[in-house]
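A, B and C are the chain letters, set down in written order, and residue numbers restart from 1 in every chain.
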Amino acid sequence: MFEARLVASATFKKILDAVKDLLTEASFDCSESGIQLQAMDNSHISLVSLMLRSDGFDKYRCDRSLTMGMNLANMAKIFKCANNDDTVTIKAQDDADVVTFMFEAKKQEKISDYEMKLMNLDQEHLGIPETDFSCVIRMPSTEFARICRDLSQFGESIVISCTKEGVKFSSGGDIGTANVKLAQTNNFDKEEECVTIEMQEPVTLTFACQYLNSFTKATPLAAQVQLSMSDNVPLVVEYQIPDLGHLRFYLAPKIEEDEN
Amino acid sequence: MFEARLVASATFKKILDAVKDLLTEASFDCSESGIQLQAMDNSHISLVSLMLRSDGFDKYRCDRSLTMGMNLANMAKIFKCANNDDTVTIKAQDDADVVTFMFEAKKQEKISDYEMKLMNLDQEHLGIPETDFSCVIRMPSTEFARICRDLSQFGESIVISCTKEGVKFSSGGDIGTANVKLAQTNNFDKEEECVTIEMQEPVTLTFACQYLNSFTKATPLAAQVQLSMSDNVPLVVEYQIPDLGHLRFYLAPKIEEDEN
Amino acid sequence: MFEARLVASATFKKILDAVKDLLTEASFDCSESGIQLQAMDNSHISLVSLMLRSDGFDKYRCDRSLTMGMNLANMAKIFKCANNDDTVTIKAQDDADVVTFMFEAKKQEKISDYEMKLMNLDQEHLGIPETDFSCVIRMPSTEFARICRDLSQFGESIVISCTKEGVKFSSGGDIGTANVKLAQTNNFDKEEECVTIEMQEPVTLTFACQYLNSFTKATPLAAQVQLSMSDNVPLVVEYQIPDLGHLRFYLAPKIEEDEN
């Protein structure tokens, strides 16, 4: 028997919105410690990693570890039927081929339940090594989304250069060139609006706009985003989900042709 | 001479929005008692019935009964030119082939008049028998619209089951199954948010989502919607137009194949 | 060296939105007195004339007059990257083939610069004679935009008739006919909402809806619009840009067939 209950279904909606462009289907691994999802995106370029800790749920019971393969577009359709402040309960029997989502309105006079068939998906076990990063940038998630969207008008790639002073995003193409520079914040009044940089050594890496833009679909999940970069290892774009876990995206840098 | 004047043109806009998907053209029967419209929808499945009482208008004069055939898409275009708080006056001569809509802005420095050609339409005289219904449900119109929209993601039909305790809407298909249950309201603080049920005997009927969704275009007209159901007679979906009349939709239940 | 700085980039965004449907590319003539643009629209029917006075800028330096040919769609893409309250600085070297747009956020921790290639465009020198007009109408710009939009549902042309009492806009076609009458305002409380008419003699002229609708894209620039009309000369539709200059559109009246 698996049962997980969360007071605000809005968090699930945001997670589904954040990943449903990258993944059409995915396996949710449920265990005593929580719910985990790890999958390459449909084009096998980037990696999505979601962790929801069991202690972040309002009620959590997982008698035996189980893996539930779900079609994310269908799951998103079901969650669209929930109001943002509905309580959501996810239920499955131990060897079930269905999962049930139950939404309860706050005033409790409306109860909806949706039963969805589970899928058998090939499991890829992906080892993600822990890395020390040369640069770790924290910045407002809306600012990062805005910069990625703005710069993708000018080219297919964005160059991110990080030094102690700040971070520069650049792009270029037929129209011309674009540079956006953010300085590290000195005034720490509003933590959510800060730009902070932890740097071991400066890094300059190039990434495909298309994937960065997909990752920023997670913006509503968190006020800040964290970018971790080192030469020759994938960028990690991380959104902390308050009191519940995190959603991380991994993307390998582009090898510039003229660098050979 | 026919002349009818209403202080808020917004009501007419909402009526047109509510019926223009179902009807491309319709006859408005004007008499001393008011304006009436009765027509089968374009596919001849459902029935639309509108009644606007003469005493609900700010000014109403109808010297001789007349029938005006109108293209509803063109009428909607004309009403799009009115501001919501404009006063609207509808005028026609006794044997006229045109109707005039006049909009006056509140401050009266802007006056617009639109003249539209009338059409000769075949008149269907539809007898709608008065019925005692097994169940009459009143519920918030936005809730009904939401449920119809949500459930149509899962199948082409919605099953409505009504008992003394409450009403259940169900749907199902390839994705899975969906059930939404509303309990009768105990707390009658806000009348508009109540779910109330008058039941002679329980009823379970199946309806096509497509038509239910069309009917809910009338949601802006009224805070509550009334669903009246009996076995083997059409469902009546009724929106009261405050101080003016009502808009009703009739839809026959689907005969389930396995019921033979 | 050319450099012009404006505290609110929003004004530039609005200007680009106002002209980018009519012009795909245009030459900006920069001199000590300011920035000027004059160009026929893409179909060579109407004329756009923009004047931004140097004293309206927060900083303005133009050592030598220069003409910068720009692709307006690309320029609009660049300005979409600015926040409305960003400061914008436009810079070019004297014989440069590029122009730089720099946006600075208010808090100054974000600086973006965009470099765009300039184009060599054929220069048309257009003489616009000063005219005394028979009628000059000033009215709320949103009201003018609304009327043009509403009436273009009914026909391809709008007839504007101006007398001392007021101005009438008319249109007609298959659906029927439409007339909107505005009276001159007697109450001058809110200047922005006034309709005022200066008339030497009454005028009735016909214009193509399509162009009038394009001109009204400038509505966000100014609360009032001024229409200047005389028989046989182009209509002038003028939007004053507060403290900075103006944007004018010129459109020749249609010759009605039955007038020969």
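The rule is short, and it goes like this: contacts are C-beta pairs under 8 Å (C-beta built on N, C-alpha and C of every residue); 3 or more make two chains touch, one makes a residue touch a chain.
Quantities reported herein were computed from a predicted structural model and do not represent experimental measurements.
Participant: Assign the assembly's chain-to-chain touch graph to one of these shapes: line, ring, star, complete, other.
Facilitator: Here the contact pattern is complete, since every chain touches every other one.
Participant: Can you check whether subunit A and subunit C touch via the same residue numbers (shared by over half) or via different ones?
Facilitator: Looking at both copies, the contact residues mostly diverge.
Participant: Just send me the rotation angle from a CA overlay of subunit B on subunit C, rounded to the nearest 5 degrees.
Facilitator: Fitting subunit B to subunit C on C-alpha atoms yields 120 degrees.
Participant: Roughly how far is subunit A from subunit C, centre to centre by C-alpha average, rounded to an integer in Å?
Facilitator: It comes to 44 Å between the two C-alpha centres.
Participant: By the touch rule stated above, which residues of subunit A touch at least two different other chains?
Facilitator: none
Participant: Provide the residue numbers of subunit A that touch subunit B in the complex, in ascending order.
Facilitator: So the residues of subunit A in touch with subunit B come to 71, 74, 77-78, 80-81, 98, 109-117.
Participant: Please output the residues of subunit B touching subunit A within their complex, sorted ascending.
Facilitator: Within the complex, subunit B touches subunit A at residues 143, 150, 153-154, 175-183, 185, 195.
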